[in-house]
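Pasting a structure below so you can have a look.
Order as written gives the chain letters A, B, C and D; numbering starts at 1 within each chain.
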Amino acid sequence: MNTRAFTMQLIAIAFAIIVAPLLIGWVNQCRAWLQNRRGPGILQPYRLIRKLFHKDAVIATNASPLFRLVPYVQFASMGLAAGIIPSLWTGLPFADAADTIALVGLFATARMFLALAAMDIGTAFGSMGARREMLVGFLAEPALLMVFFTASLISHSTSLPTMVNVLAHGPLAIYPSLAFASISFLMVLLAENARIPVDNPSTHLELTMIHEATVLEYSARHLALIEWASALKLFNYVCIGFALFVPWGLAQGLGNLPDLAIAVPALFIKLVAVGFGLALVETINAKMRIFRVPEFLASAFLLAVLGLLVHLLLGH
Amino acid sequence: MELIILLVLPPLGSLLLALVGERDWAAEVNILVSAGTFAAGAWLTMHVIAHGPILTGNEEFFIDPFNVFLVALTSFVGFTTSLFSRTYMRIEQHHGRLNRRQLRLYHSMFQLFMFTMLLALTTNNMGILWVAMEGATLTTVLLVSLYRTPASIEAAWKYFILCGVGLAQALFGTILLYFAAEKVLGNVGTTALLWTRLNQVKGQMEPTVLSLAFVFLLVGYGTKVGLVPLHNWLPDAHAEGPTPVSAVLSGLLLNVALYAVVRCKVLVEGSVHSDLAGNLMMGFGLVSVVVASFLLWRQKDIKRMFAYSSIEHMGIATFAFGMGGPIANFAALLHMTVHSLTKSSIFFTVGHATQKAGSQAMDKIRGLITVNPTVGWGLMIGTLAILGMPPFGVFTSEFLILITAMRDHPWATPILLLALAVAFGAIFSRVQAMVFGETDLKRLPHSPTLLPVFTHLTIVLILGLYIPHYLADWYREAARIIG
Amino acid sequence: MVTPLSSQLIDLCAAVLLLLSFSMLSQRRVLTLVDLFALQGGTLFVSIVVVAWNTHQYQLFYSAALTLVLKVIFLPLILNRLIRRLGAQWETETLLNASATMLIGLLLVIFAFTLAEPISRLASTITRSTLGIALAIVMLSFLMMITRRKAVTQVIGFLAMENGLFFAATSATYGMPMVVELGVALDVLVGMVILGVFFFHIREQFDSLDLHNLESLKED
Amino acid sequence: MTDPTCAFFGITLIPVAWLVIGLLGLVRIRSVPWVGRILFPVSALLGLLLGAMALSGLALPAQTLVLPLGLPSLPFHVRLDGLSRFFLMLIGFTSAGISMFSAGYLRPGEGTPPGLMCLQYHVFLASMAVVVLANDAYLFMVAWESMALSSYFLVTTEHRLPEIRRAGFIYLLIAHIGAISILLCFGVLQGGSWRFTFDAMRAAHLTPLWASLAFVLALFGFGAKAGLVPLHVWLPEAHPAAPSPVSALMSGVMLEVAIYGLLRVTFDFLHAQLWWWGLLALGLGLFTALFGVVFAAAQTDMKRLLAYSSIENIGIIFLGVGLTIIFHAFHMALLAAVALAATLYHCLSHAFSKSLLFLSTGSVLHATRERSLGKLGGLIHRMPWVAWLTLIGTLAIAGLPPLSGFVSEWLLLQAFLFTPSLPHSFINMLLPIGAAALALVSALAAYVMVKFYGVIFLGQPREPTLQDAHDCGRPERIGLLWLALGCVLLGLLPVPILALLNSVSRELLGASLGGRLQHWWLLAPIAPERASYSPVLFMLSTVALVTLVTVAVHLLYHGKVRKTEPWGCGFPVVTARMQDTAEGFGQPIRQIFEPFFRMSRTLPSPFDTAPHYRVQVDDHFWYWLYAPVATVIQGVARMTAVIQRGRISVYLLFSFLTLLALLVFVL
C-alpha cells in the first residue's frame, strides 16, 4: 500500500475517533429534547472523557493485569474496525486485512475481552454483566453475520468496499432481502450498543443493566477509554448500516476532493438523521425484561436468515 | 518311533501315577511325562514337516499335516497345563478341597486323558477314533467329579449321559459308514474303517447312506464339540471340574471332537455331491455363536461364562469349516489353535482368581490387578485376546473368517458380527469389574505359576502379527486336505 | 448258501428285540427292567450266533461271547446287586404315561423303518431288513432315557441303546472289526463301573437316585 | 531429510522407536525420574522429528512399502502420501507438546505405575501413527484397535473409581462396535477383488448402492470414534476420566485420526460420488456441533466442558467434510478445495488448541485437586503461566481472530457463501441455514469459553484451599508454550500452511488453491476483491493501535492508580460465593435450548432455612437410544436362558429332536 493510501487510512481512523463521541452527544441531546429536557449539549461526551482522564484511577485489589489491559484492547479494536468500515471513502487498505466476517470476529474479540475483564474482579455484578453481555453477543453476532451474508450474496463479495461499490454504484435495484436485513441490523445495532429496549445506557439500576455492569469496576482513564470505545462502536455500526443500506454519497477509491466534498456532508446528514431516529426509538420504547432479550435477538437472527432465503428465492 | 513314544508315554505315566500319584513329587512326575510327550509330539511334527505324512502300524496310524498340528498343540497345552496344575493343586490341597487319593486319581486320569486325545488324533481307524472319544469322556467324567461335591456329581452325570448318548449316535454313524464302505472295499476285515482307504474310495460310496451316517456322526461328535442345542453338558462340566481340567476340556477336547467331525465331513463331501455337510455345520455353528453370545449375559459364575465363550468360538470354527475353501479352513485351523491357547491361559488365571476369592461367583472377585498384577493383567489380556481384539491371533482368524463369510454368505456376516459385539459387551463388562477396582482378596499360600499364561499369550500375540512361513504352509496343506 | 430259515430266525430275533424294547419302554418295575435287559442281551447273542453260523464269519463268535459275558451275565448281575443295595426297585412315575410313550414309540418305529428302507435295499446281507429294527431299538431306548426319572433306569436305557447298536453292527455289516468291537466293549464295561460308583456318590449326596435332585446347575 | 526414501524409512521407524521407549518404561517401572525426565522428553523430540519429516515431505509423491509381517496372504502394506503426511505432521507436532508436558506431569503413586503408563501412552502414539501409515485393511484394523485398547487402559488409570471403570467400558464398547462397522465397510470396499490392500480398494469400482453402503458404514464407524452424535456418549465420560495428557491426546489427536479415516475412505476410495452423502455428513455435523456446544455451556466439570467442546469441533469438521463432498460431487473443484482446506485446517487448529486446554486443566488439577468449576476461580494470580497460555488457547478455540480457530471458520463460511452457485436448488435453500447455524455455533463457543476461562482463572477463589495453588513446572511450561505457539502461528500464517495443503487436496480432489495464494500475508482463496483476510496485518495494526493508545494515554494522563476493595454494590460484605457459578453462567443457554436437555431440577421453597438448588443435565440419547438397546439384549438373553434349565431329560430331548430333525432334513 502506498504512503497516500496509508495516510488516508490513518486519517479515516482519526476522523472516526474524533467524531464518534459527537454522535453519542447528539443522540443524548435529541433524547433530552424528545423528553422535554434541555440536555447537556452535544459536546458533553468530550467533557466527560476529559474529566475522566484527569481523575485518579481506582482499581480493585484483586484485579489482574488482564483487567488493566482490556480498555486499551477495546479502544484499539474499535479503532481498527473504524479503519475497516468505509465512513467517507471506500479505498481503505485495511479493508483487505479483514472482510466482514473478520470484522464480526473483531467485534466478538472485543466483547470477549470485555466479558473476561468483567469477571476478573469477581463481584456479583461483574460476572452477571459478563454473562448477559455474552448472551446478547451469541445471538447478535450470527444475526449480524447473516446481514452481511445477504449483502455479500448480492455483491458476490464479503469485503465491505466491494459491497459498497456494487450497491452504490451498480445499477439501481430494489432488494427486498435488504429490507429484512436492515430491520434485523437495526435490532442488532440496538442490542450491541446497549441501547433501549435491550439495555439502558443511562442507568445504574444493577438488576437491569448489561453493559454498565461489565464496566462497573472501571474508573478514570480506563473508563474513559471504554466509554470512548463504545462511542466508536456505535459510530462503526452506524457506518456499517450506511455502507450496506444507504451507501450513496460515499467517495469511491481514495476519493478526490469533489467526491469528498459530497461525502462529508452526506455522512453528517445521515448521522444527524440516524441519531434522531435512535433517540426516537429509545424514547417510544420501554426497556424490556432481560428474559425477553433472547427472543428479541432470536427474531433479529431469524429475520436475517429470512432475508437470505428471500434473496435466494427471488434470485436477486 | 516318536509316535510310539507319544502313544506309550502317557499310559505308562498314568499307571505310574496311579501307583505314586499321592506323593509330593507326583506333580513333578506328571510334568516330566507331559514334557516327554510334548517332546515326542514336537519331534513327530518336525518329522512330518520334513518328510510328509506318515502311515504306519499296518495303516492303523496316520499322521498328516491336519492332525499333526493338533498333536503338537495338544501335547504342548497338556505340558503347560501340567506345569500350571502343580501349584494349583498344591493350593487346592492347602485349602483342603482335595485329599491325596483324589490327587492320585487326578494325576493318573490326566495322563490317561492325554493318551485318549493323542490316540483319537493319530489313529486312522474311525472305530478307534470313536473308542478314543468315548475313553476321553470316561476319563474326563472322573476328572469333572473330582471334588465329589453335589454340583460336581451332577455336572459329571449330565456330562456322562449326554455325551454317552451322543457318542452312541456317533457309533451308529460309524456303523453306517462301515456299511457303506464295505459295499466298495468288500468285507476285508479291518481296512473298511481306515480313513485313508475311505478317503480313496469316497467317490464311490453310497450318498444316501453317507448323508445319514453324517447326521449321526455330526450329532454324536457335535455333542462333544458343544454345538447348540447339544451343548448343555458343557458349561456345567467346565464350571464344576478343577480348573486345569476346564482348561484341557476347552483347549483340547473340543478341538479333537471338531477334528473328528471334520474328518467325517471330508468323507461325506467326497461322496454326497452337494454341500449338505457344509450347510449343516454352518447352521450349527451360527446357532451356537448367537445363542452362546446371548447366554453370556446371564452368567454369574466366571468359569461358566468362559465355557459359554468356548461354545461361541467352537461355533465360529465350525461355521468356518462349514464354509470350506482354502481361506476359511486356514482360518478355522488358526482359530482352533489360538482359541485353545488363549482359552487355556484364561482358565489358568481364572483358576488362581477363584482361589483368591474362594468362590467362582464373579461378584466376589474384585480388583485382581491390585492384589496380584500378573494374574490381573493375564486375565485382562487373555480376555481381550479371546474377544478378538487385535493384535492377537484370534482377531486374525476372525478377520479371515469374516471376509470369507462376506464373500460366500453375506447374509451370515451381520449375524456373526452382532453376536461378536454382544459377546464383547457381556464378557468385558464383567472381566473389567473383576480385574479393576478396590479389592479385599487375600494372597495365595503358594505363588502361582503364570509362566504358561504368558507363554500362551505371547504365542497368540505373535500369531496376530506374524505367521511363520512353515506354519502357514502347514496350515495351507491341512486346508487343502480338508478341501 | 443262505437258507431262508436262518434269515427267518434272524428276523424273529429282531422282532423279539423290538418287542422287548417296547416292553422296557412301558415297564415300571426296575428289577423287571433289568431282567428284560438281560433277555434283550440274550436275544442279541442268539442272533449274532445265527449270523456267524450262517455266514461263517467266525470272528463274530468272539463278539457273541463278549455279548454273552457282558450283557447277559455280568451287567445284569451288578445292576441287580446295585439296585438292591441302593433300594431303588421302584420307578415312582415316568414323565409321560405309558400309553402316550407307546404311541410315540410306535411313530418312532415307523420313522426308523422309513429311514432304513433305502439303506436295507442296498444291503446284500441276509440281515438286510433288520437295520430298521436296530435303528428303532436305538430310538426307543433314547425315548426311554428321556421319559425316565431314575438314574438307574436311564442307565438301563443307555445299555439298551448299546444293544441296539450291536445289533445294527451285526445285522447291517457282519460285525465291526475286532479291535473296534473290543474297544467298544471295554468302554461299555468301564462306563458301567464308573456309573456304579456314581450311583453311590449320588445316593450319598442326595440320598436318592431321583434325577430331579440333579437340576441345580442352570441359567436363571 | 532430502532423500525421500530415507525420510520415508525415518518416518516408519518413529512408531517403532516409540514402542521401544514404551518398553524401556517397563525397565524401571516405578521410577518417575527415569520415565518423566528421560523417556518422555525423548519421545517429545521424536514427535518433533516426525512432524518435521512429514512436513518436509508434504509435497512429495506417494511412497509405499511392504513389510514381511502380517498374514501370509496379506502382509503389512505401508503407504505415505500427502494425506497421511499431513496427519503424521499433526500427530508429531501435537504429541511433542503433550509428551513434553507429561514429562513434568507424572507423579508417583497414582493408579497405574508410571512405567506401565509410559508403555500404554507410547503404544497409543505408535498405533495412531500406524493407522495413518497403513495401506491395507488388516494393518489398519490392527493399529486401529490397538489405538482403542491402549487408550482404554490409559483412561482407566484411576480404575479404583467405579465411574471411571464405567467410562472405560462404554468407551471400549462403542469403539469396538465402530471398528466392526469399519471392518464391514472394508468388506464392501474391496468390491469383488477380495484383496484387502488399499490399492485394490482404490482400483475397485462400486455401484452407487454399494458405494453408499460403504460410505454410511464408514460414517458410522469413524463417527463412533470421533464422537459424532448420537455415538458421542463415550466422549464426555472418557475424557474427564483419563489423566489430562491422555485426554489431550485423545481429544487433540485421536479424534483427528478418525477424521483421517473418513477422508481416506470417502475421497481416496469412494471418490465422493454422490452429493447426498455430503448432505448427510453436513447435517449430522451441524447437529453435532450445536449439540456439543450447547451441552458444553451447561457443564460444571471443566474437563467435561472441554469434552463437549471437542464434540462441537468434530461437528464443525464433519460439516466441512460434507461441504467438500457436495462441491466435489458437483465437480466444483476449486470450492471443494476451499472446503477441504478449511476442514484440514480446523483439524490442525483443534489439535493444538484443544490439547493446550486439556493440558492446562491438568495443571489446574494438579495445583488444586479440583475438577468442578464451582470450586475454582482466581487462579490467574496463583498460576500466571498456565493462565496466560490458556487464554491463547481459549481465544483460538472460540474462533476469534487473529488466532488459529478463526482461519478455518472463515474459510468454511466463505465456502458456504459460494453454495448458491450449486446446480441443485434444494441444497441452495438448505445451506444458508447451515451457515447460520455455524455462525451461531461459533458465537456460542465464545460464550462457553468465556465461562471456562472466567470461572477457572478470573474472579476470586471460591475455595480457601486455592490460595496455595502453585504454577506448573518447567517441562509443563515448555509443552504449553509449544502448543500456544502453534495456535498463534496457525492463526497468523495461514497462507504458507494452506500452500502446504495443496498437495493433499490435489491428491484427494484433483484440484487445489494452488496459484491463489501468491501473497504470503494475504489470504484470498478466490480473489482479493471477492474476500480477503490478512491476519498478520490485522495483528500488526491491532498491536500498533494498542501501543499507540497506551503511549498517548500515558502522555495525556496525570492521575495516579490506587488499589482498594471492589465496590460492594451496597452489600455489607462481598464474598466469593456471590460470583456466578458455572451453573449460573450456563443458565441462559439451558433456558433457551431447553429441549436439548433432560433436566432434573430441585428448587428451594421460599421458606427454606437452608435453601438448596440442584440441577442435573442429562443426555436424551442415553435414554432414547442406549438404554432400550441394553434392555432388548437382556430380554433376548433371558429368553435364550430357557434352553439351559437343568433338566437332563429336556437336554436329552433336545439332542433327540435335533437328531430326528436332521434325519428328516436329509431324507
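What we mean here is this: a contact is a pair of C-beta atoms (placed from the backbone, for glycine too) under 8 Å apart; a residue touches a chain by one contact, two chains touch by 3 or more.
The structure presented is a predicted model; accordingly, all values stated were derived computationally and were not measured.
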Most remote chain, CA-based centroid, reference being chain C: A
Two chains joined by the most C-beta pairs in contact, as defined above: A-D
For chain C paired with chain D, centre-to-centre distance based on mean C-alpha positions, whole Å: 71
Inter-chain centre distance, chain A versus chain B - centres from mean C-alpha coordinates, in Å: 79
Chain A and chain C, separation of their C-alpha mean positions in angstrom: 102
Intercentroid distance (Cα basis), chain D paired with chain B, Å: 44
Residues within chain C bordering two or more other chains: 115, 142, 145, 154, 214-217, 219-220
Where chain D touches two or more other chains at once, by residue number: 641, 644, 648, 652, 663
Pairs of chains satisfying the touch condition: A-D, B-C, B-D, C-D
List of chain B residues in touch with chain D within their complex: 157-158, 161-162, 165-166, 169, 211-212, 214-216, 218-219, 223, 228-230, 232-233, 235, 276, 280, 291, 294-298, 327, 367, 369-370, 384, 389-391, 395-396, 399-400, 402-403, 406-407, 413-414, 417, 420-422, 424-426, 428-429, 432-433, 436-438, 464-467, 469, 472, 476
List of chain B residues in touch with chain C within their complex: 60, 125, 127-128, 130-131, 134-135, 138, 141-142, 145, 148-151, 153-158, 160-161, 164-165, 168, 171-172, 174-176, 178-179, 182-183, 187, 189-190, 192-193, 206, 208-209, 212, 235-236, 239-240, 295, 298-299
Touching residues (chain side chain D, partner chain A) in the complex: 377-378, 380-381, 391, 395, 398-401, 406, 410, 413-414, 417, 420, 428-429, 432-433, 435-436, 439-440, 443-444, 446-447, 449-450, 453-455, 458-460, 522, 528-534, 537-538, 541-542, 545-546, 548-550, 553, 556-569, 571, 574, 576, 578-580, 584-585, 588, 591-592
Residues on chain C engaged by chain B in the complex (per definition of touch): 59, 115, 118-119, 122-124, 131, 135, 138, 142, 145, 151, 154, 158, 161-162, 165, 168-169, 172-174, 176-180, 183-184, 186-187, 190-191, 194-195, 198, 201-202, 205-206, 213-217, 219-220
Complex contacts: residues of chain C adjacent to chain D: 95, 111, 114-115, 139, 142-143, 145-149, 154, 211-212, 214-220
